[in-house]
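There are two complexes below, and they share subunit A, which is joined by subunit B in the first and by subunit C in the second.
Here is the complex of A and B:
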């Protein structure tokens, strides 16, 4: 490309001639990559700008009266906890579904099952939220009552159970929401496990379940982190609609 | 440590398609048996039926008997997982587990079988298996490095070490040198000569010089045409297959006058 000699010989002798198509394509690709960064930076700037009054407001103006950080810390904690719960429930389930689809299910069942799971991803998250609040939470009340009676020593199951809008409900709803993401991505990982490696494991005397899980997992373990990370991001980015539920253990104080 | 295999009237199917028809042969212990023949003649398929790897493919099945030391490998009380632990396999392309170190690759079989072992036992197994595969001296200082970082020939010897680490009776090799350069090929061939004192070895090869160099017995498979099943044409000691075959087709093939 550029030459270091001061006499500047004709550039064409050193430079690899760039084809216009290559240059255009590189430009388009780079622009696309930069666009997402610009959009994200814009979102961050907008949020910071809009939230600035809250950041500098005196503590007494913030709900709860203990200042901005104290107020948000509870919300952040609730969101993180519900996301962690969702991941705890959703990740094994999603990976299990993916393994079933790729290794166990008959082909006739595997494809429709994949579609149904993908369909879950098409439901807007607000629908999940409303469903959680108005349908799922009340439906869980008897279950929670039983859990509180029998396993009440475990903080997650402790009462009160009157509304059913608990941290566990939030985790369960979020788990359903992240299921398609985890399933779809793990399915790709398992599907791409090289046949060569699977055969190697089989020939070493791997049993079916070791074969379907272990030989994939040496390949899959680094690769299955991105799905888990993005699955983590999915619920974290969708704060549970009712702040009362997010404030846990504050949520267990009846308010 | 090595066993005899008797195959009688074996038909191998992919779904409804008969891929290999009516194979009967005896594979002697502590010897090298080579399968030669044109592509698609079913020699790899037949090899994979010897450790029940064939049936992993959906719809694939086998009729007939494969008897190893008096036990039918396809008997209803036989677990294919046990068969594969007894009959090890080395594949055409070196396939070490990419995320595992050299030592972990060697131990993979034992670990897959959920065997617990002490550190010293594991170290001994790694060393003896790598010694057995003639790889120890080359990798002993970097056992914790990824297996995928080795050269192709070293990777293939690592795969052999991994296969013999589970202490099989029989070792099946499906064109183990076809992805390797001549020097690595020579290393593997030397290794086969050493291994045959302990194992029954069956090797599929496209390289007739290789078959004549390494094997004691040679079986020639052929196929009548596309869509027809592959058949065992003739099996004999290697010298007579290459110098004085009884079948015209074998003579045509080994002399290069084929098709």
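Here is the complex of A and C:
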């Protein structure tokens, strides 16, 4: 009698796990997870497979006649330069807007502003491209002309000015494109700052600048980098805060 | 004793700080605007120059006054406030300009013909984007049909089942996938299908596969985040009632988070609907309506807009007008999806009262 009663429970949990519905559902979920592995392996394999001929081709077969690496180096430089320019301009502005919305704007204005920024983050890149070509580049020509006239001694701004379609314009358009993304992500990060700490800072007589910078930045600083990096990785990126970013400040709440 | 409380005694602490009057920033703005206007009137007036000079003079003036009256601490505060507000106003200019340009240029062809005609046999003016709108909706629809189940189930695996190395690897790979440039996704689909169907293959389904690569990680991320917010007590209560795990997940966990998932999915759709590069390499472009994603090229709004700009037919203005209207329709679609996301999240959220 006594031997059967206490040893049964493990068997009972096993019986729960054996239900067919559970097995099927777990199988389907696992298969979906593994699909991700398959897709990424496929992406990597196909890219390598298709790119391999170019990698091993003799230098004379590549456009320009100087080999694959020389040919791509210029393209890589252009990509990196425009992205760096965009980040240089977009990141401080985006963080500034987020600060304005979370800490400076009147409360009635903050919510609609945040909504509009979220909307702008979802605007397709082709729209920004058309705008850049037809509105922004022509509008920049007089600015470039002025820069060439007045700051021409500085090599970066030397003329002659032909059209507005330069690397700086590309960087500026990219900056405009990543602005809403950076803003949305930084806003999410700033919102995570513990309210109590901020109120404590204000109660101690902190000015608004100290209020918004000191208590929020130790919490926000590890997390305000991923948004910038991911905005760099995909300028037309994600219109909502990536979970990874919003999880960081929670971990550093001990500050 | 009475001397101690005499009113002549200078106050210590907060009382000693002097403040600029509340109208000071406006006065500084007016003064700097007048000053900048006067300077530029001598050197040749331009609106942009006037605005820039006004801003610079305003900041210098206000910070100097604040430093003299209120001390360096308040001056720094005012300086940063002007910078933050300035950044906001500066960033608003291009964003408003984008919105205004698209609306004003797109309105020219925003008519019935644009929505009812394709470009088949149309030379010059007229014509429409019915084929592109149909293509965009079909391709995005198929993408959603594939991505949403895979994405949600992957998130369920990660949150409810996944333990150890496999789950960590998948989480990491979802991160990697989020960063895949859209053109790489397009080239992947192109390479995959041309390997099977020959180098001339251009199908709507190819575009859907390319967009899936972009959309799945986004859905996984949004869903995962929402599922982790579901309180453990709900699951435990369900288990305690003897409900199997899979029914708990479907009826309790997913039901609780359906509003958040719907929002995430809708935003993910808005994200992929405007992709140009992957569709350019996989789907191509046609001038006629093609409802069959498994046969032949299809037109989509982004590629339609792109080609109308890059390879315009004569007269150029008619082509450009079509490009702008296509962009406007795209923006309206995105806003519609955002709106739907809001309504859905309101309608589906579990009633707490």
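Methods note: the second predicted complex is superposed on the first by the 184 of 255 C-alpha atoms of A that agree within 3 Å, B and C clash if a C-alpha of one lies under 4 Å from a C-alpha of the other, contacts with A are read in each partner's own complex, and residues count from 1 in each chain.
Everything below uses one rule, namely that contacts are C-beta pairs under 8 Å (C-beta built on N, C-alpha and C of every residue); 3 or more make two chains touch, one makes a residue touch a chain.
Fair warning: this is a prediction, and the values are worked out from it, not measured in the lab.
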The answer to whether subunit B or subunit C touches more of subunit A is C
Open item on the list: Which partner chains sit in contact with A:96 here, subunit B, subunit C, both or neither? Use first/second/both/neither.
Closed with: second
Which of subunit B and subunit C A:203 touches, first, second, both or neither: first
Practice problem: Identify the partner contact of A:126: answer first if only subunit B is touched, second if only subunit C is, both if each is, neither if none is. | Solution: second
> What is the contact status of A:136 with respect to subunit B (first) and subunit C (second): first, second, both, or neither?
Replying inline: second
The shared contact residues of subunit A with subunit B and subunit C are 205, 207-208, 210
Touching subunit C in the complex, subunit A uses residues 16, 19, 21-22, 24-26, 28-37, 39-40, 42-43, 46-47, 49-50, 92-94, 96-97, 99-101, 103-105, 118-120, 122-131, 133-136, 142-143, 176, 179-180, 183, 205, 207-210, 212-213, 230, 233-234, 236, 238-240, 242-244, 246
In the complex, the residues of subunit A that touch subunit B are 107, 194, 196-197, 199-208, 210, 214-215, 218-219, 221-222
Counting only contacts in the complex, subunit C reaches subunit A at residues 14, 46, 48, 73-74, 76-77, 79-81, 83-88, 90-91, 94-95, 97-99, 101-102, 105, 149-151, 153-154, 156-158, 160-162, 166-167, 169-170, 173-182, 184-185, 187-188, 191-192, 195, 212-213, 216-218, 220-222, 224-225, 244-247, 249-250, 264, 267, 270-271, 273-276, 302, 305-306, 309, 320, 323-324, 327, 330-331, 334-335, 337-338
Within the complex, subunit A is touched by subunit B residues 51, 53, 56, 58, 81-82, 84-85, 88-89, 91, 93, 95-100, 108-109, 112-114, 159, 162-163, 166
